[in-house]
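What follows are several structures.
The two complexes that follow have chain A in common; it is paired with chain B in the first and with chain C in the second.
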Partner chain A sequence: MNQLAVVLVFLPVIVSIVIYLSKWRHMNIVAIASQLALTIVAVVYFTHFYGDFESTHIVLGGWDSRIGISLANDELSMSFIFLSLFSWWMVLIYTFRFGHTEHSFLFFLIFLQGVFLGLLQSNDLFNVFVFLELATIIVTILIAYNKKGESFRSALYYLIVNVPAMLVFLTGIILVYFTFGSINIVALTEQFQDVDDTIILRFSYVLMMAGISVKAALFPVFTWLPKAHGVAQSAISALLSGLIVKAGVYLFFRMNFLYEGAGFAYSDFFFMVGVLTAISGVMFALSQKELKQILAFHTISQVGIIMMGVSSADSDMFYGGILHTFNHALFKSLLFLGAGVIIQVYRTKKVGEIRGVFKTMPVVSIFMIVGMLSITGAPFFNGFISKSIIKYGLAEQGWRYWALYVINIGTATSFIKMSQIFFGPKTLSYPLKNMAQNVAMMALAFGCVLLGNFYIPFSEGFFGIRVEEFDLTSFDVLLDYGITVAIGLVFYFTVIARDLKPVRMIRESRISFENANLVFLIYIVALTTYFVFLS
Partner chain B sequence: MNNSIRFLRQFVLIALLGTIFVAFTMSMNELQTLYNDFGQQYFFEEGLSDTGSRNLVTAILLDYRLFDSLFEAGILLIAVSGVIWISKHDIEEKNARFMIDKYKTPDLFITFSRLVYPLMLTFGFYVIVNGHLSPGGGFQGGTIVATAILILYYIDPNKETNIGLIVTVEKIIYLLIIVVASISLVTRGTFFTNFFDPSHDADTMAIYLVILNVLIGFKVALGLWTIFTAFLKEGR
Partner chain C sequence: MNPILTFLVVLIGFYGLSTSDNIIKSVFSVTIIESGVILLFLNLGNFQGGSIPILSEDLVSIVDPLPQALMITTIVIGSTVTALSLMLCIKIFHHYGSVKWKEVLARKDVKS
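Showing the complex of A and B:
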């Protein structure tokens, strides 16, 4: 039964190759069928092991677990698996018509799913590296897929920024292997319990975190994200922003679970990184004028909020962070898919040039508004739940609470700016011609509302977290949201709408590849100083 | 002004790299006392009897960590498809013949290429087939075979290559590799190891290693062949 974990990895890989080789015109049907089969396998696997995730640990080849490669699942990886299955469902449905002719697109897309599911289940550090490397290459190809100059540039930038980060991560793995003679995560977790606090351990932590930070787009090293997510096709942007970025966050959890045994105090540092990530993401988003650029920068800001949550190891905020990972996947995919439809119809990406979306496309507009309410944290939508849990955790911590408040105001302002596309008279006629796109967006919007109202059974069933102790339905929270939006409106009309000079300066600032590398080195040195020299 | 900024940049760069180097050296010094050779000892003592391979690298690649190797071959598979997709607008166009400028390639080079070509091909196959006995294996031997094929383009500049066919064969071989690697589920009840269990002698177990090495060798050779054909066409 536990060999099904391998099927979860290889079913998409094999199906993708069959799709690539086939000449049949309706391969997208095969893709949907295999996705259905994969979902069934995952559900069977989950129900079989629910409550007893210890026994999911398998060593491929039956070797000693310290020698062979092993796969293992727990609540966290299972919930990520279902999140990825859901995300791929949405992308496959959204691109259903497009996939008719594009066999190689489906090939890369579905192969990536197998790789991602492997990454989530892998219990071996080097295996994680291989999957991460493979995912990086596939994502590069998917970003460059429409073969325009801009997408080539972004894809190459993505590749050459991410490859050094991966190599740094690999060096960290090598140091761990030298110290413990094994890279099996479960075995290492035990060994970490009774280990001396050594420099080599701390340095390996630094190197791994540096690599993971680039993958997760944390504060100084996020430069690749807006380029990559801004130019890719909308369905790919949705997948990258909603899910693939979370690979970094997921590894952050995994590595910190591991190093916690050695008594590492990482929460202050990564809380700061989270705050800086969120604030810089919001700042850049406020200055942008293109629909997808705004959304891409908000991915950075939301990852910052997630980091603020998960940096505190064992308080409620941690679960707030995990929940926000899921909520963000839903509403950001929704926003990107909606933006994709709007850009497709209006043939421009500029927020200033798109008007009258509500009259032209009422259905798409409603979905977009659901996404916007969720991301700004409106009550009864999913973003609100996780943000509130983090907020409660920070309630008595002075500036930390206000930092989150400022970030929320910035987010609200940014989406007030974006919401101007809805106003105005009908300018184009948009026949409801692509049902598949609407179905995908409807499912995501439904998910946002569902998680916003029935979050208690969901978080208990998957994570075993009890969240009902938080009072999330009182009048206060509505008032709080109202104040946030009101300040956002004032801020929008006084600063952003006038396009003052500092806003223009932020928008026009560019970072070259050389400087990005320099920033990466500075980040490594900062980590080294904090975790190795000052400890 | 510009110069001083550049100087400052270089200074900062050296300082940063120096700091990382210091931390690295500090941790390397600790390694002398901390070094754990569990893995090394294990492979050294058990490698041959577990896998039947005298070459421990092959033992790790094709048995202990086969799951990794499958995806390392997958990286090449993806890279090939990616290069094809990105470098070309139409796959039919790539099937058209391409030419290396005959007049710029010295005759001496062409003549020697004719001599070297069969030797390289033989050596490549030798490295593939003997991967479990001596240094080498599918990945290395495949690269040598691909280099030999590259020389073929100098011998016959008018050579036509049907890329679509090569890519198809490469993908099918990758599927075959997965199938061969999974046979052990039937014989030993677990994925991705030798389908003979370790109670067999080394020569029997080597059958599996040779099959897998040959498949991987072909896959790598075909993959690299596609990549440089695409580049040659592009560079013309």
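Showing the complex of A and C:
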């Protein structure tokens, strides 16, 4: 039964090759069928092993389990698998018409799914590296798929910033292998329980975290993200922002579970990095003028909030961070898909030039508004649940609480700015012709509302987290949200709408390619100083 | 070869990345970093007088075969990355007429 884990990796890969080679015109139907089969396999696998994930461990090829290729699943990886299946469903439906003619696009899209599912299930460190690198290469091609100059340069920037980071991650793996003689995560977790705290071990942690930070777009090393996510096709941006960035966050969880035994995981360092990431993401988002750039910078800020949550182990904040990973995937995909439709109709990316969206396309507007309410943390929408859990965890901690509060105000302001596109008279006619796009957005919006109201069974079923203890329906939270939005409105009309000088300065600030790499080196040095020398 | 020397190779690659404005040179810097990492891994698994890890009758002292197996994979991935980035370099040169990051990133995209 645990052989099914292999099917989850190879079915998309094989189907994608068939799609690429075939000349049949309706290959997108094959893609949907394979996706259906994959979902059924995942559900069967999950129901079979539910409650007993120890036995999912499988070593391929009959090698020694310490060095062979092995796959294993637990609650976390299973929930990520379902999240990625859902995201790919939405993207496949959204691009249903486009995939009709573009076989190579479908090839890369579905191949990426196999690679990503492999990354989630992989139980040996080297395969984590291989899958991550493969995902990087395929994402590069998908970013460059528009074949414009802009997309080529963003793709190359993405590749050249990410590959050295992956090699740094690999160096960390090498150090672990020569300390323990094993690369199997399950075996290593046991060995880490009674380990001597050596400099080599700490250095391996630092190197792995440095690589992961670039993948997850943390504070000083996020320069590639807005470039890549801003120019890719909207469906691809949705996938990148919703899910592929989460590969870094997922590995952050994994590596911290691993190093927990050695005693230096979950440090305050990553809380600080999370705060800086969130604040800088919000600051840049406030200054941007293009629809997709705003959304891309908000991915950075939301990853920062996730990091603030998961940087501590023993409180509920950790679960808040994990839940926020899921909620962010839903609403950010929704916003990117909606923005894609709007850009397609209006033929411009500038927020200032788009007006009257609500009159022109009311259905899309409603979905976008659901996404905006979710990301700003309105009650009864999913972003609210996870943000509140993190907020409860920080309640007694002075400035940390206020840092989150400021970030929330910034997010609210930024989406007040974006919501200006809804106002105004009807400017052009939009016949409701592409049903598939609306279906995909409707499913995502439905997911946002569903998780916002029925989060208790979801979080218990998947993670075994009990969230009833949080009082999330009182009058206070409504008031809190109202205050946040009110401050946001004032801030918008006094500073952002007038486009004051500091805002323009932030918008026009650039960091050159060389300095971006230098910043990565400085980040490694800072990590080393904190984890190796200071403790 | 000393592990310190391989570390120096990695540093040379990072030096290239963080000082050169040329796109082609940054691609090569990535390749250099990768060579350094591969050398480091092979080095740590190797020792003086060890024989090649192929099963035979007189098996005395062989080097650790796992690093070699893993590094083959890394080399394959690395060549893919190099090929892909050089292809993108050509495309960028066609679109912008330059291989300098500063010029390429500053340019507004021309509608074609």
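Structural remarks
In this section, the second predicted complex is superposed on the first by the 533 of 535 C-alpha atoms of A that agree within 3 Å, B and C clash if a C-alpha of one lies under 4 Å from a C-alpha of the other, contacts with A are read in each partner's own complex, and residues count from 1 in each chain.
FYI, contacts are C-beta pairs under 8 Å (C-beta built on N, C-alpha and C of every residue); 3 or more make two chains touch, one makes a residue touch a chain.
Just so you know, these numbers come straight off a predicted model, no measurement behind them.
With both structures placed on the common chain, the touch criterion links A:L21 to chain B but leaves chain C unconnected. Of the two partner chains, chain B and chain C are each touched by A:L518.
Legend: residue contacts after superposition of the two complexes on their common chain; A:W399 is shown touching neither chain B nor chain C. In the superposition on chain A, A:V130 makes contact with both chain B and chain C.
Once the two complexes are overlaid on the shared chain, A:V206 sits against chain B while remaining clear of chain C.
Taking chain A as the reference, the larger set of touched residues comes from B, when chain B and chain C are compared. Contacts of A:E150 after superposition on the shared chain: chain C is touched, whereas chain B is not.
Look at A:F178: by the touch rule set out above, it reaches both chain B and chain C.
When the shared chain is aligned, chain B and chain C each come close enough to touch A:I67.
In the superposed pair of complexes, A:T140 makes contact with chain B and with chain C alike.
Touched by chain B in one complex and by chain C in the other are residues 67, 126, 130, 133-134, 137, 140-141, 144, 147, 152, 177-178, 518, 521 of chain A. On chain B, the positions that touch chain A within their shared complex are 9, 12-13, 16-17, 19-20, 23-24, 26-28, 30-31, 34-40, 42-43, 50, 63-68, 71-72, 74-75, 77-79, 81-82, 85-86, 89, 168, 171-172, 174-175, 178, 184-185, 188-193. Note for the complex: chain A touches chain B at residues 3, 6, 10, 13-14, 17, 20-21, 58-64, 66-69, 104, 107-108, 111, 115, 118, 126-127, 130-131, 133-134, 137-138, 140-141, 144-145, 147, 152, 175, 177-182, 198-200, 202-204, 206, 518, 521-522, 524-525, 528-529, 532-533. Against chain C, the residues of chain A that register as touching in their complex are 67, 126, 130, 133-134, 137, 140-141, 144, 147-150, 152-153, 155-157, 159-160, 163-164, 167, 170-171, 174, 177-178, 510, 512-515, 517-518, 521. Only residues 10, 13-14, 17-21, 23, 26-27, 30, 33-34, 37, 40-41, 44-45, 66-67, 70, 73-74, 77, 80-81, 84-85, 88-89, 91-92, 95-96, 101-102, 104-107, 109-110, 112 of chain C touch chain A when the two sit together in their complex.
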